[in-house]
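For reference, the structure is listed below as structure tokens.
To keep things simple, chains are lettered A, B and C as they appear, and every chain counts its residues starting from 1.
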Amino acid sequence: MSVAAAADRPGTAATAARFSPQWIVGQLSGVVLHIAVIGLTLAWMVPTIGILFTSFRPFTAINSSGWWMALSPPFQFTLDNYSKVLSSSNLGRSFFNSFMISIPATIIPIAIAAFAAYAFAWMKFPLRDWIFLAIVGVLAIPLQLSFVPVLSFFVAHGITPSALPPGLQYLPVWLAHTGYGLPFSIYLLANFFRALPSELFESAEIDGAGTLTVFFRIVLPLSVPALASLVIFQFLWIWNDLLVALIYVGGEPEVAPLTVTLANLTNSYGQGYHLLTAAAFFSMFVPLIVFLSLQRYFVRGILAGSVKG
Amino acid sequence: MDWGAVLSGIPTLVVVIVAVPAVLVAYIVGTEYLVRLLPDAFRPRVRPWIWVGPALVFVFGFLILPAILTAKSSLEDSTGNFVGLLNYQRQLGDFPTGGAWIAIRNNVYWLVLYTLVALGFGLLLAVLFDRVRYETFVKSLIFMPMAISAVALGVIWKFMYWYQPPGVTQTGTVNAFLGLFHVQPQIWVQDPKVDNFAIIAAAVWGITGFAMVILSAALKGIPADLLEAARVDGAGELTIFRRVIFPLMMPTVVVVGTTLVIFALKAFDVVYVMTGGNFETDVLANRMYKLLFFSGNQGGAAAVAMILLAAVVPVLIFNLRQFRAVEARR
Amino acid sequence: MASVTYDHVVKRYTADVTVVKDFNVEIKDKEFMVLVGPSGCGKSTALRMLAGLETVTEGQIRIGERVVNDVAAKDRDIAMVFQSYALYPHMSVYDNMAFPLQMKHTPKAEIDRRVRQASSILGLDNFLKRKPRALSGGQRQRVALGRAIVRNPQVFLLDEPLSNLDAKLRGQTRIELQKLHRDLETTFIYVTHDQVEAMTMGDRIALMYDGILQQVGTPGEVYDHPANLFVAGFIGTPTMNFVPVTTANGSAKASGFDVKLPRSVGEKKAVLGFRPEAVTDRVVEGGNALQMKVDVVERLGSDQFLYGQVGGDQVTARVDPRMQVAVGDTVRLGLDTRSLHLFDSDTEKAML
């Protein structure tokens, strides 16, 4: 029940007599509230709207007037920016590369995390809680600490994009994202698994279900919401990642994902906002769709890691 | 576009998507049959290690061991000889103008401003939005910046901060807005006096939705009975917020706050894209990257990484303790 | 043979936490035995040890002649109904009931037969395809029962199955459970904190307190001849009256009255117990009379209870519903001395 609903009681402004002083104040504060809410939201959207409009404006217009002027005549909208940036830069290829990186790098850690999380949640073994704490504590380690040793190892064993056969060039970044993504995934899933009622497991034990049956026929089906949240969360995180990609994939056009390509564009085009805004919007396309359609799960993923209401 | 390469990549993708879960399931099922060969008493002792095994290997191999090795290399020079704290001395020497000190100063700006502003805005928005019916809709609009990459965010805000010399029509939103009040345009992204704050503002825009969502959930978790009791007791809305709502949200506020501090300390992407760490906007994470890939200074990079770790660990411990306190209340 | 025996069973968690202390009880085949006691008395733990969900620290648990201490839960041939029903939320009613049989690799045709048989006994035929969340509390409970029935176990274990139902449903379900017990002709072991459930449903009741068995007997035995203060106070609503007395010369002297005891117990401090229905408005000439100053009057239609002071002690009386009494009145009540209980102040055991 929201805070506001509780305000609808006798004696509050909501139920004051019409046109009485309290009623007027109530209406005004109601109006003020809506103005504040809508105003803040609109202000918040300005940056995004700005580049959206700009990406459809011709180069000369962009450089001579603010994007808000696009709303008044003469209307000069064009698709040139998009066609130019898609054909001349590496964006198309990068778009595909991002999928090649994100999809496996999402699946592998979550699959491994699911098994480990179940063990942490429902199996007993020595040092279990300490090991779990260590895994969660590892979230503190800035990824930077791991780059040099891991990279050296990869290079020494020929696990690099240039040395690997085509199709497998992304193995280093898949493995890296797996390692980096496991702590949070394990933490999230273990908490979720632990919250399942113990009687479910006891009943299954009495019924004669073994570990495999319990995991695959009871726990996993019941965990679909948590798994969905985690998949979306992890996918967006990897899709939007820059640093890990820079380190383990590098900037070569054949393998660079969208983030790296966009970052390079920003460096090389400086103030060429006609292309940059189009490129930026192109890179935002997939995350925005995933986000808008599956927002519920994304939010649930964040909440599951932080607080229960 | 090289369609040939794209098409040859698709089979790999499919194979990986199918093969990886299949291999893992085979591993678990296969080892289960092996475990069943053991006498009853041994099964529950052996099985957990099989299930956590792969995870432990990855976490150890990609995070723990490398962290230890990096710590070790922070104490070595480029040929691997032990040099004690030399790297740290080199990095942290020439206080206060040395490169690392500027980065540390900036990290402090980040961890104070980024955290407080995002928290404050998040709280404000959570409370305001709770009172309107279209709450879900506006919340998702505020939350949307979380979906985009820091690189895209960097482009968006570089564009917002675009500078044209005074007297010319301003094309950057911020400078144009200031122009309405006859304030001179600023070179937001390159002027050392303001650029850190400009970047932090951009990052706050990206993360406030995160704080808002969590705080909103905590807000809704306050039992309506408590608020009604307070109203019956005669408390006004502001008093209720100050003395009932906010104190009850405090544990969550602390958890969110410490999480934001950790994000602030780890900031890399936004700074990299907007300034590359130049114009005195450098932060430790960027400095480390540059030392590693541009200067080839492994020892120095490791030292900076360790400094970063030293800053993050106490915050994380605090964060976890607070989180357990929130959990325990449930 | 499906009798159940607890033989000096102890459950200890740490050196200072012993939840079940030397529990001894023999439950007969086909009996409906109720384990009753307040929260934390160890009754659920005792049940769970029988189910195989907790290990036994000391002692033996036998099902029939078989010692089951080290037998896995699934091999004990028992079925358990949990307080929260523990239904698999993502499976239909049919699948929930079929699950235990699938674990035993029962052939599909046999599974189908047994599930449908259980479902018709419990009236679930129209719900077989539904998922638990589409069922009411009472229906879910029946599914939990169904899942237990299909296993055809030697013993049914029920852990507070009625707690999550509303009062009206509880009454109905009590009756249904008793019918079920008669039809299935299997041992039922039922755990509850509600003494009304215990009294109405059990063939015998076992009262537990603080991990120790206090008394075992039929409802009648436990009601009329409580072995100690705890049992006397736990069974019966309203609670039995307890009045501190000193005994001498075959009489007990309370602050507000004296009574002659059926036999002499020497001179000691004790607690005299008598149920509210022993204090009525019928004063027999020459019998014991009590003067009560009335504090509270409870009219229930079929009954009337008076709560008040007799001497310095609180007493509850059950009087004729037509008697006119007001708060503050002093009334004269008769004490039926045929149903007196005396408990030693130190040991709390019954002395008469």
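Heads up, the rule we're going with is that a residue touches a chain if its C-beta (ideal position, glycine included) is under 8 Å from a C-beta of that chain, and two chains touch if they have at least 3 such contacts.
Keep in mind that this is a model prediction, so the values were computed, not measured.
A.B. asks: Supply the minimal count of touching-chain steps required to go from chain B to chain C.
C.D. replies: Shortest path length, in steps: 2.
A.B. asks: In terms of C-beta pairs in contact, which of A-C and A-B ranks higher?
C.D. replies: Result of the comparison of A-C and A-B: A-B.
A.B. asks: Quick check: how many Å separate the C-alpha centres of chain A and chain C?
C.D. replies: A distance of 55 Å separates the two centres.
A.B. asks: So how far apart, in whole Å, are chain A and chain B when each is placed at the average of its C-alpha atoms?
C.D. replies: Inter-chain centre distance comes to 12 Å.
A.B. asks: Touching at least two other chains at once: which residues of chain B meet that condition?
C.D. replies: In chain B, no residue touches two or more other chains.
A.B. asks: Got the chain C residues that touch at least 2 other chains?
C.D. replies: As it turns out, chain C has no residue touching two or more other chains.
A.B. asks: Applying the document's contact rule, which stretches of chain A touch chain B when the two form their complex?
C.D. replies: 1-7, 9, 12, 33-34, 36-38, 40-41, 44-48, 50-51, 54, 62-68, 92-93, 96, 99-100, 103-104, 107-109, 111-113, 115-116, 118-120, 123-125, 128, 131, 134-150, 166-168, 174-176, 178-180, 182-183, 186, 210-212, 236, 239-243, 246, 254, 258-259, 262-263, 266-267, 271, 273, 276-277, 279-281, 283-284, 287-288, 290-292, 295, 298-299, 302-303, 306-309
A.B. asks: State the interface residues of chain C toward chain A in the complex, per the touch definition above.
C.D. replies: Residue positions touching the partner: 51-53, 73-75, 78-80, 82-84, 86, 88-90, 99-100, 103-104, 147, 151.
A.B. asks: With touch defined as at the start, can you tell me which chain B residues reach chain A in the complex?
C.D. replies: 1-2, 5-6, 8-9, 11-13, 16-17, 20-21, 24, 28-29, 32, 44-45, 47-49, 51-52, 54-56, 58-59, 61-67, 69-71, 73, 125, 127-132, 135, 138, 140-152, 154-160, 162, 169-173, 176, 205, 210, 213-214, 217-222, 224, 227-228, 231, 237, 245, 252, 255-256, 259, 262, 265-266, 268-269, 272-273, 276, 285, 288-289, 292, 298, 301-302, 304-306, 308-309, 312-313, 315-317, 320, 323, 326-327, 330
A.B. asks: Touching chain C in the complex: which residues of chain A?
C.D. replies: For this pair, the touching residues of chain A are 197, 199-200, 202-209, 213, 218, 221-222.
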